[in-house]
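All remarks here apply to the structure that follows.
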Amino acid sequence: MAAEAYIQLDDVSKVYRAKAGQVEACGEINLDIRESEFVAIVGPSGCGKTTILKMVAGLQPRSSGSITVGGRSVDRPQTDLGIVFQDAILLDWRSVLDNVMLQVDIRNLDRATYEPIARHLLELTGLKGFEHHKPFELSGGMRQRVSICRALVHDPPLLLMDEPFGALDALTREQISMDIQRVWMEKRKTALFITHSIPEAVLLADRVVVMSPRPGRIVEIIDIDLPRPRKLDSMPEKFSEYTGRIRSIFKASGVLAMD
Amino acid sequence: EKFPFRLNWTLYGEHAPFFVARDKGFYAAEGLDVEIQEGSGSTTVAQLVASSNSPVAYVDAATMMRGISNGMPIKAVGVTLQQSPMAFIYRADAARPTKLSEIKGSRIALTAGDASLTIFTAFMGKVGMKLEDVQMITVANPQGKEQAVLNKQADALLGYFMDQGPRMQLQTGVKMGWTRLYDLGGVSTLSSAMIANNNWLKDAKNQDLLRRFLRASQRGWQYTFDNRAEAAEIFRKAAPAFTQEIALLEVDGTMSIIRTDRTKGKPIAWSDVGDWRDSQDLLAKYAKLNPQSDLNAYFTNEYLSEPPYMPKK
Amino acid sequence: MSKLSPLAGILVFLAIWELGVYLFNVPAYLMPPPTAVAKTFVQEFPKLLFHGWVTTYEMLLGYVLAVVIAIPLAIGITSSHRFDRFITPQLLFFQVVPKVAIAPLFLVWFGVGTTPKVLVAFLISFFPIVIDAAVGLRSMSSEMTDLARSMGATRWQLFARFRLPTSLPYLFSGLKVAATLSVAGAVVGEFVGADKGLGYLLLVTNSNMETALMFATIVALTVIGLVFFYVVEFLEAFLIPWHVTHRVREGSGTM
Amino acid sequence: MSKLSPLAGILVFLAIWELGVYLFNVPAYLMPPPTAVAKTFVQEFPKLLFHGWVTTYEMLLGYVLAVVIAIPLAIGITSSHRFDRFITPQLLFFQVVPKVAIAPLFLVWFGVGTTPKVLVAFLISFFPIVIDAAVGLRSMSSEMTDLARSMGATRWQLFARFRLPTSLPYLFSGLKVAATLSVAGAVVGEFVGADKGLGYLLLVTNSNMETALMFATIVALTVIGLVFFYVVEFLEAFLIPWHVTHRVREGSGTM
Amino acid sequence: MAAEAYIQLDDVSKVYRAKAGQVEACGEINLDIRESEFVAIVGPSGCGKTTILKMVAGLQPRSSGSITVGGRSVDRPQTDLGIVFQDAILLDWRSVLDNVMLQVDIRNLDRATYEPIARHLLELTGLKGFEHHKPFELSGGMRQRVSICRALVHDPPLLLMDEPFGALDALTREQISMDIQRVWMEKRKTALFITHSIPEAVLLADRVVVMSPRPGRIVEIIDIDLPRPRKLDSMPEKFSEYTGRIRSIFKASGVLAMD
């Protein structure tokens, strides 16, 4: 498996040097992700999930260890991917549609080809009618949906998503997860997905990486062996087994109160 | 033929003869189309001549001498004002320096960038005082010193007796008085002169041009000397801000200092080496001028003409 | 009513001035009353127009030059720390040097034409643009940079699509300050040696004590400066309506 | 090495200048070589120190006055649209009027002492502060305003605890520009009428064609301006280390 | 009940006027909240939840209708409350502790009294050790926790919370919900709580307001009749009945796909 790993993290660690003291964000991170695999990371707030994602994307230097993507060491920002950041990060001066099309503009892709795709994605995420609004006129969840569309519009081979549904209601997020699952099943992109919802992780992922509180360590990597397409309201017994197992891991590491 | 000629400052009465020469067709008769340009202070204009921006110009002789000692390739080709018109100008109704004894401790406004500081320094030296004995108020533009005196911020300003004094009086209605430095301390230097760039002068064609220009200018000065009122009127056409009265006063004043004892009977603008020596001695002694061993570095009379300054065929 | 308030400000100012002149019996050579200035302004309008055009032309050239040079400099300064440390002291030098002191040098080097005035206008106005553009260019959040880099934005794209729009509000405050300074720059240039332009007119009227015309000239300069400033401000409102400084707070309905 | 680069910039500049003077045989009255200027600078140091101190004093007073007046003005402008429309044209007027043209009036009104210089320094430096402070004060997000209002912040608290800190990065870019301008302002003030100060020295050396001393004076002015600028910049780094323009990007480790 | 209503919304509506067209955010909103009541609002993203909360706080003018709080019409920002905004909105220039203490400083309360409370809250929310860090050194979830502490530190009688757990992992949010429930049971504050998690709403609230998609209308208000203290992993049958009912309301209004 190691040979065919698409993303490979080898004993990676990250220490931030802040004025108020050093912070070890995460350490001893060993993780291989195969091509076309969907891996979810769950872990308590502040355990270094965002940090790992940024290191994989080449946006944050690591303190030690090695990271390769597609066989090459990551020493600069990776570009052949789509990222959903934890904050929406929209450009104030571009309309909703143009914020999605930014991806297309920067990559010098053909606007005419991609605009329909962008509009389609906006419609899927319930933003039809808001194409020409400016970001400050949107609600929190709507902003986040725009940033999801932006990460998907150019159909990248690798998807990095940092709590993409954080500001979404349970309802919208279910719909979008289903859409993402469908897209993934069709195109089999490699995906690294950070979430704070255990059911969501189990629903979407092939494997779930469970992390301990800061300094973040990988406590366990769980293979999710459920048939696809998976649906939240028609899940077999095994589903709650998985979620229960993750919950108990958290309890053991003191993350969930044992009351 | 086009011929640009730059004045030392914006227009005032002393410039009238050049406009006379232009309007009476004296320049045209020499085949010259003279464009009279205004300037912004002798120092700057001398630099313009030195750097060949304007080959011929009208500047203060003392300023030019300082320039030459600093290596400027220029020289005077005709000295029109041969006595210094520099004077204390003051309100007639206030304390003022009219005697040597009154100078000490008084507040004197002067403009930098023109001749006044140089001459004043020499004057103070000659009368045995130091610059520190007065409170000098140095300003960058003439109105500053005029305002300062009018408003009693200064006791006197250093200016041209035939220009600033009468003009201020007429324009403001405040009675003014003036005392020439020459009358107080016997201090004088050569004053306004026409100067040219040495390199420009090397060209025989330019020499001829200059001769024609000077001849017509001399004729203009002579005509002005003889016809003051008409000259004042001609000048007013170029400088409508002036009234006939002021213009005439200034022309009259100007015409009273165009010769020294040594140049009586000589052609207009002809200068005497003795006057140059006196000027240099004074400036070298009191105003840190590096003297030239050869006074001919400062001037030449060779391009001037004899009366009646008529064009050659 | 609120449309009138800028006028109101000026009217109050003028009224105080006019009154002051009469109350304290200020002699006309010191300061003419605004009515006299207004009369002269109207009478001498053709003259003011002619000289005003000259100054406007120099000012605009100097300003454009400043914009064209300052923005790349700001980009250089913000993208390389070494360049910053190399160039900033020199920029400061040119900023700090009194222009009136070096303007004569320009005159000597470039003659009495338009060039030295344009240069002074340029020198006087480029620094605020550099400084404000630099702050603007630096104020992009690091998250935004991450976004751009993950899209593989080239240096140029990073600049044109992200940094520049982010910097516009700050850049414009520099551009506005520079607009007012460039007028002053052209005037200083003309002071040193000119035969036309409002700066020249100032010198002439000043040495002839034509105080009313001198004040009319000052008024003309002010008008030019005001118009230029408001043009830049209009451009700003046009280009960056999205910025928080331009958003009108939703205010309809009961509250 | 990188510590040296600002010096490197200046050295390159001086080398070009010195070489240029010799290569093109520039006469001393036009431009002395830097070595000559340096020599004069050292020789005349006591004189420069005396006059420099005078100018520094005027400059500092003018600057402080500008800060003290500009910031409340910016607050007024940003908090009342009507005040903005009332006062801005007048501020613009004072900004656009060539100071050299109105400085003689100051001479008349305030005499030849320190006051007129301080006033010119003030007039010349207050506008960039107003403009930049206004942009800064306006750049607070509406969410932040909501937060403050829900806490019942008074107008003063809203200003002191929220708006002012938000505006600091922009305010400082105005303060830096103003710092360099205030030097020029003091010099212009001295030009109009003075018996001491570096501006006075410039006038005198210029009219005496003491070019080397004149350049030494310019150097002294530049040094003052540089020091002042860097003092303000230091203050900035000290006061707003939290701002994105001052954050050092985390860069340790392998990448 | 109307007489003793603490917060009263009467036929409130809100229309935003944007350049790209009018947006009716919500309308026909009628809602009474009694003193000491805990009301949750759930609804799809963009249905006007944030808008309602801001109108109640007096931070956003309404387009029609009337709102009273404590008997007085809301026509200016309400101050006797604590708000958690959807974004954390921390002051960059204050440390974590000072961001919490901001509430105390602005209200001119005694620093010495409240600093221990602030520190205690930070500890409760897992931020011990980060008191002197600056906001940009925090993870997304940590920032949100700081803003929760800030809303609670001065012990306000009214709490308005806009998706306060949006950026929190399921684990941390459970813990904080429990803390909030405990605080609420002790002090019986009136609370308006926006969430996108149906179980969370049911867990915490006395009544759950269910909204339809934009233009947001109140579809149903459900009384939650469950004993307190409630715990997520020891819930009676009724709990899933409630969540199921809300889910089915959403399905009916087309928010959840019916697959």
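Residue numbering begins at 1 within each chain, and the chains themselves are lettered A, B, C, D and E in the order written.
Heads up, the rule we're going with is that a contact is a pair of C-beta atoms (placed from the backbone, for glycine too) under 8 Å apart; a residue touches a chain by one contact, two chains touch by 3 or more.
Bear in mind the structure is a predicted one, so any value in this text is a computation, not a measurement.
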Contacts common to chain C and chain E (chain labels)
A, D
What shortest step count links chain B and chain C in the network of chain contacts?
1
Chain centres computed over CA atoms; the one at greatest distance from chain A is chain B
How big is the gap, in whole Å, between where the Cα atoms of chain C centre and where those of chain D centre?
16
Measuring centre to centre with CA averages, how many angstrom lie between chain A and chain C?
49
Rounded to the nearest Å, the gap separating the Cα centres of chain A and chain B is 85
Once you find the CA centre of chain B and the CA centre of chain D, what distance in Å lies between them?
39
By residue number and range, which residues of chain E touch two or more other chains?
16, 58, 87, 134
Touching at least two other chains at once: which residues of chain D meet that condition?
30, 100, 104-105, 108, 141, 191, 206, 243-244, 247
Give the residues of chain B that touch two or more other chains, as numbers and ranges in rising order.
43, 47, 50-51, 140-141, 143, 147, 150-151
Considering only the defined contacts, which chain C positions touch chain B in the complex?
27, 29-30, 100, 104, 107-109, 111-112, 191-195, 200, 203-210, 213
Could you list, by residue number, the parts of chain C that touch chain A in their complex?
141, 143-144, 146-153, 157, 161-162, 165, 240, 242-243, 247
Partner chain A, residues of chain E touching it in the complex:
16, 18-21, 23, 42-46, 49-50, 86-87, 95, 126, 130, 132-134, 137-142, 145, 163, 166-175, 178, 196-198, 213, 231, 250, 255-257, 259
Counting only contacts in the complex, chain B reaches chain C at residues 9-12, 37-40, 43-45, 47-48, 50-51, 53-54, 140-143, 146-147, 150-151, 167-168, 171-174, 239, 241-242
Can you list the residues on chain A that touch chain C in the complex?
54, 57-59, 77-81, 83, 85, 87, 89, 91-93, 102-103, 105-107, 134, 136
